[in-house]
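Could you have a look at this structure, given as structure tokens, before my questions?
By letter and in written order, the chains are A, B, C and D; residue numbering begins at 1 in each of them.
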Amino acid sequence: MTHNIAILGASGYTGAELVRLMATHPGMNISALAANSKAGQSMAKVFPHLRHLELPELVTIDQIDFSDIDLCFSALPHATSQKVIAELPKDLKIVDLSADFRLRDPAAYAKWYGAPHAAQECQAEAVYGLTEFYRDQIRDARLVAGTGCNAATGQYALRPLIAGGLIDLDDIIIDLKTGVSGAGRSLKENLLHAELSEGAHAYGVGGTHRHLAEFDQEFSAVAGRPVRVQFTPHLLPANRGILATVYVKGEAQKIHAALSHAYKSEPFLQVLPFGETPSTRHIRGSNFCHIGVSGDRIPGRSIIIAALDNLTKGSSGQALQNANIMLGEDETAGLMLAPVFP
Amino acid sequence: MTHNIAILGASGYTGAELVRLMATHPGMNISALAANSKAGQSMAKVFPHLRHLELPELVTIDQIDFSDIDLCFSALPHATSQKVIAELPKDLKIVDLSADFRLRDPAAYAKWYGAPHAAQECQAEAVYGLTEFYRDQIRDARLVAGTGCNAATGQYALRPLIAGGLIDLDDIIIDLKTGVSGAGRSLKENLLHAELSEGAHAYGVGGTHRHLAEFDQEFSAVAGRPVRVQFTPHLLPANRGILATVYVKGEAQKIHAALSHAYKSEPFLQVLPFGETPSTRHIRGSNFCHIGVSGDRIPGRSIIIAALDNLTKGSSGQALQNANIMLGEDETAGLMLAPVFP
Amino acid sequence: MTHNIAILGASGYTGAELVRLMATHPGMNISALAANSKAGQSMAKVFPHLRHLELPELVTIDQIDFSDIDLCFSALPHATSQKVIAELPKDLKIVDLSADFRLRDPAAYAKWYGAPHAAQECQAEAVYGLTEFYRDQIRDARLVAGTGCNAATGQYALRPLIAGGLIDLDDIIIDLKTGVSGAGRSLKENLLHAELSEGAHAYGVGGTHRHLAEFDQEFSAVAGRPVRVQFTPHLLPANRGILATVYVKGEAQKIHAALSHAYKSEPFLQVLPFGETPSTRHIRGSNFCHIGVSGDRIPGRSIIIAALDNLTKGSSGQALQNANIMLGEDETAGLMLAPVFP
Amino acid sequence: MTHNIAILGASGYTGAELVRLMATHPGMNISALAANSKAGQSMAKVFPHLRHLELPELVTIDQIDFSDIDLCFSALPHATSQKVIAELPKDLKIVDLSADFRLRDPAAYAKWYGAPHAAQECQAEAVYGLTEFYRDQIRDARLVAGTGCNAATGQYALRPLIAGGLIDLDDIIIDLKTGVSGAGRSLKENLLHAELSEGAHAYGVGGTHRHLAEFDQEFSAVAGRPVRVQFTPHLLPANRGILATVYVKGEAQKIHAALSHAYKSEPFLQVLPFGETPSTRHIRGSNFCHIGVSGDRIPGRSIIIAALDNLTKGSSGQALQNANIMLGEDETAGLMLAPVFP
């Protein structure tokens, strides 16, 4: 059986990535592609790399007949997404890729995003989309909130350690490096090739990046007490890939054992042999996450490094994995593409 | 039914690309991976991006029992490949990715490669592997010779024009730009990141590049008279992708029509609307070739631009496409992966 | 003696490059920096790489007292530049880096730029700024028009050959590859890192790029008859550098001799030994232009390859070289910086 | 007065960088260039970007007459450098860029480098070349040991804070990102463009990188007690530039004030306004180091980020700065080149 799929916000990178992944998915049919600003154009015009596919023309959201749609991905910008989703049919399955439904606490949302939430009813029913830790709720969910790409990376490195009481909860540092596609297809001076290539810099330093809200919510829930981490993202001269270097106080061998155990049946989370380090080059274009653990010369200190592709496992791949679960498909359908190297 | 496949030379980029493509191929099982210099290692060690696959350990060629193998890819360096293939069972289907069996004339081989061919018997039976133009011979071939990646790109732009008598055969210029993975995983100073990034240069200038031998052989055969083109390759600071800008004397609209007609049923060759230009970014990681045609302000001059991924359509994807035909599989099996952008 | 210099359009790349070059110039003092859209900001804010310099704050053009200024660089966008320059004091020495004063024929300007020229009086007195060929006129000029960066590269490869009657004037092809900074600091989707990196494409194909107007004007003047070349620019995933591969019909050794002779006393134009090819990596950040000449296997065909940095020799370095001449400074002052490699 | 300079190891990146910097130095004459493996070649052949300079041909070290040399730079590989320097005239001023003379304690050297030092007498007289903190000793030194490029970056961020007692000495983490030229011009698979571009990974994880020996030596000396930091270097897909993100426990405003005070008269060390973050793009090709300080949402935590060019301020620029001091030149001579951006 083939499911009919709609994508809202199809002219951005995560929208295009959803189409790329579904191109070889055996059970999904892309029925509608919406992008208000580019309605009337062909997808081949907006994303020439998808030229070989037979795809519907871009339309406005209003033009979509949702009665035929089995599941809708919303790849709209945050703040916009919540308004649009509030107006969609109440029985439509939705996977949202924006930040709008990640935070369960409306007050936390208002604090981090600077305005009250416009669709609190939907917010209340949304399930946090970190597949490996919310699989059962996702199965029965109507609305799944895709996680932040940085937030996913950090959580894969840390959740089993927090749950297992293996690390000092008051001394966690996530130094993260991310490719530029995470910032989307937006016209900003600092995203120009001439500005960004051949170098690196930190941004959102000092506890201001919004993905911290997710870390706070999730790590505190896992620990059963408030947890506040340090988190510094850096922009890399690469299109895809997140590398999170996580510094903790805890025993490295125990940490490695805990991660290996937690993920031993997970198709996409791969814990490397002890002491090996992952590279973003080795997960590019795929839904895999590689995780390495090392000790330090200072006893009791450990380093966990996690690598994933922000557009795939960090966003559109995760969304498709969740959609597979919601629709009763094989969870890995369309997602076993091997990374592209070199 | 699943075919058992062996890959010789699995520690190079084209070997790894074959594995990547077969990872989601429904009808192929990788039974043996040989790499003499790295025998005994796991593929995950040599190519960590393939870590998620269950693959046989690397062995020496001698260790392979070919009686179980349905088809063997040889991704060995040229000169080595011919010696190895000469010793393989005579009924084994083989797709060679090296330069060793591309030239039908032993004298031409000796001239361009500086030594007599060591397996002239095999050379005589080899079919030139430019799928779209040798499909019928490939179906019945035992040994198929993969084309040069640059040679494939230039031929896709030019063969129908030469066959149709649409261009001046004495004034053809191919200015080609290629990514660095075409040079393989070899330790050369000029392939270092610090030497290669952030710039461009020409190499093999003036009619010395060996892929000219293929152009000479093929274009002369199509034309029924000797054809000699000018060909200048340039190295780009990118890993994958070839862009061939071809300058000819002929009518652009007729050229566009001829290419559109010739490739209208080809699954991988896509002729863009007249006047549009392709980009290597839009075919990366895929088996597609995009071809654009433009006129010039000077009447009677035309420009054809072809883009493909040197590791995929230019090498391993072509090889798999040919193997599909040789084994009676759907020609596109495992090859419909969408390009990875950005 | 120190000359007081003003730069209009200081918030763009060519403006910043002028400041970089003058930072170690012994005889120039930057007295005023104008950038209307960023007036009131410090240069350190707009271009943090210039943070170490004591520079005047950015102002609007109106705020500059030109009575103290010895020479003014205009790095404004074309169309704007002509209007501003028309209003500047008539005795002020000016080097314009825009396209506004390159074409001597008002009809040609109107044809290529789509509107009549707004300052035809200034246009009439402007000297074309290709230093090595207009040195004497530049010395006495009030207004010098900086050349197009692509136009400069092609002319360095071709002028002596056309002047010497060494090549077929009806069969000249310039296949040019350029870095992205030539497009300026403008917010366009195709200049984003995620869109531009890791690939290449042609643009302005078929005789539409405006630098053709300069080729037409200059080559025809040198030849004493109309000359029309083919010219295809390609965008490279690199910030700086132009590589022009020029295909001509003529004897390679004679061409090499003619270029070597023409440039033997030029401080910045370096003809490589016969058969060697230049790389943009080896002129990056400098005012040097490297030129290589090769023959082809087809007798009577030659390839000339020229490399320069579009922001330096192609624009701001050329402008400073011309300013040095206009002010009676040593022509090379501030310009002998060695290229930055790797 | 002009000083005669010799460079040993001129065929590597730091050797070439020394030549680049001295190209516009008013008081230095390059008298001899040695590179045993490439002796007999011209520098233009080995480094075409230096083609415009009149330079002596490469020779073997034995061929140099040191009686005419005022100062010798040794850019030889470590272990080699100590043997060569031990044989040089005992009154020759030397700046060594290798790791051989950085550690004052022979036991520490033997531990980190795996063999006893072969020139302990020289080691005893060597002065550690971190200019801003050893300026007086450097003035009178015969032999100055250039620091590690990573070690310099980390020390600029931390020394004044350790000296001032402003941070917890037992909880210092240096997460460092470095461009590839720091690894030199060596033929290693992981330095190939196809392996390194478009991604990032950590190496030397867990306290194994040799620059830790410098941190241990220097920080312990400053603190007057043993100090052990955590240090994780990452390789970036960029040629030049180091970004060190340093996590400490201490008050951010006090830290910013201490760094600003310590470096207020330093020509090359620039402390940014509080809360701003540096980028490697803004120091590329220059001798400047940009340092930013931010607080964190967790009280008492601070982040210091330092950026410099590994080949310039991290190696050859530092070496030239030290040579200027040793020879009585202006310390900044030849080093005020502005960074190259974009």
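In the analysis below, contacts are C-beta pairs under 8 Å (C-beta built on N, C-alpha and C of every residue); 3 or more make two chains touch, one makes a residue touch a chain.
Remember, it's a predicted structure, so these values are computed and weren't measured experimentally.
Chemist: Any idea whether B-D or C-D has more C-beta pairs in contact?
Modeler: Spelling it out, more C-beta pairs touch across C-D than across the other pair.
Chemist: Suppose chain centres are the mean of their C-alpha atoms. Which chain sits farthest from chain C?
Modeler: Centre of mass proxy via C-alpha means gives A as farthest from chain C.
Chemist: Could you grab the centroid distance between chain C and chain D? Build each centroid from C-alpha atoms only and quote it in angstrom.
Modeler: Centre-to-centre distance between chain C and chain D: 36 Å.
Chemist: At what distance in angstrom does the C-alpha mean of chain D lie from that of chain B?
Modeler: Inter-chain centre distance comes to 45 Å.
Chemist: Which positions in chain D touch two or more other chains at once?
Modeler: In chain D, 13, 181, 194-195, 197-198, 237-240, 278-279, 281-282, 284, 342 touch at least two other chains.
Chemist: For the complex, give me every residue of chain C touching chain B.
Modeler: 171, 173, 175, 177, 194-195, 197-203, 205-208, 212, 228, 230, 232, 234, 236-241, 243, 245, 247, 275, 277-282, 284, 294-298, 301, 303, 305, 307, 342
Chemist: In their complex, what parts of chain A are in touch with chain B?
Modeler: Checking each residue of chain A against chain B gives 13, 16, 19-20, 23-24, 47-53, 181, 197-198, 239-240, 267-268, 270, 272, 278-279, 281-286, 288, 290, 336-342.
Chemist: Show me the residue ranges of chain C that touch chain A in the complex, using the header's touch definition.
Modeler: Spelled out, the residues of chain C in touch with chain A are 13, 180-181, 185, 187-189, 191-198, 237-239.
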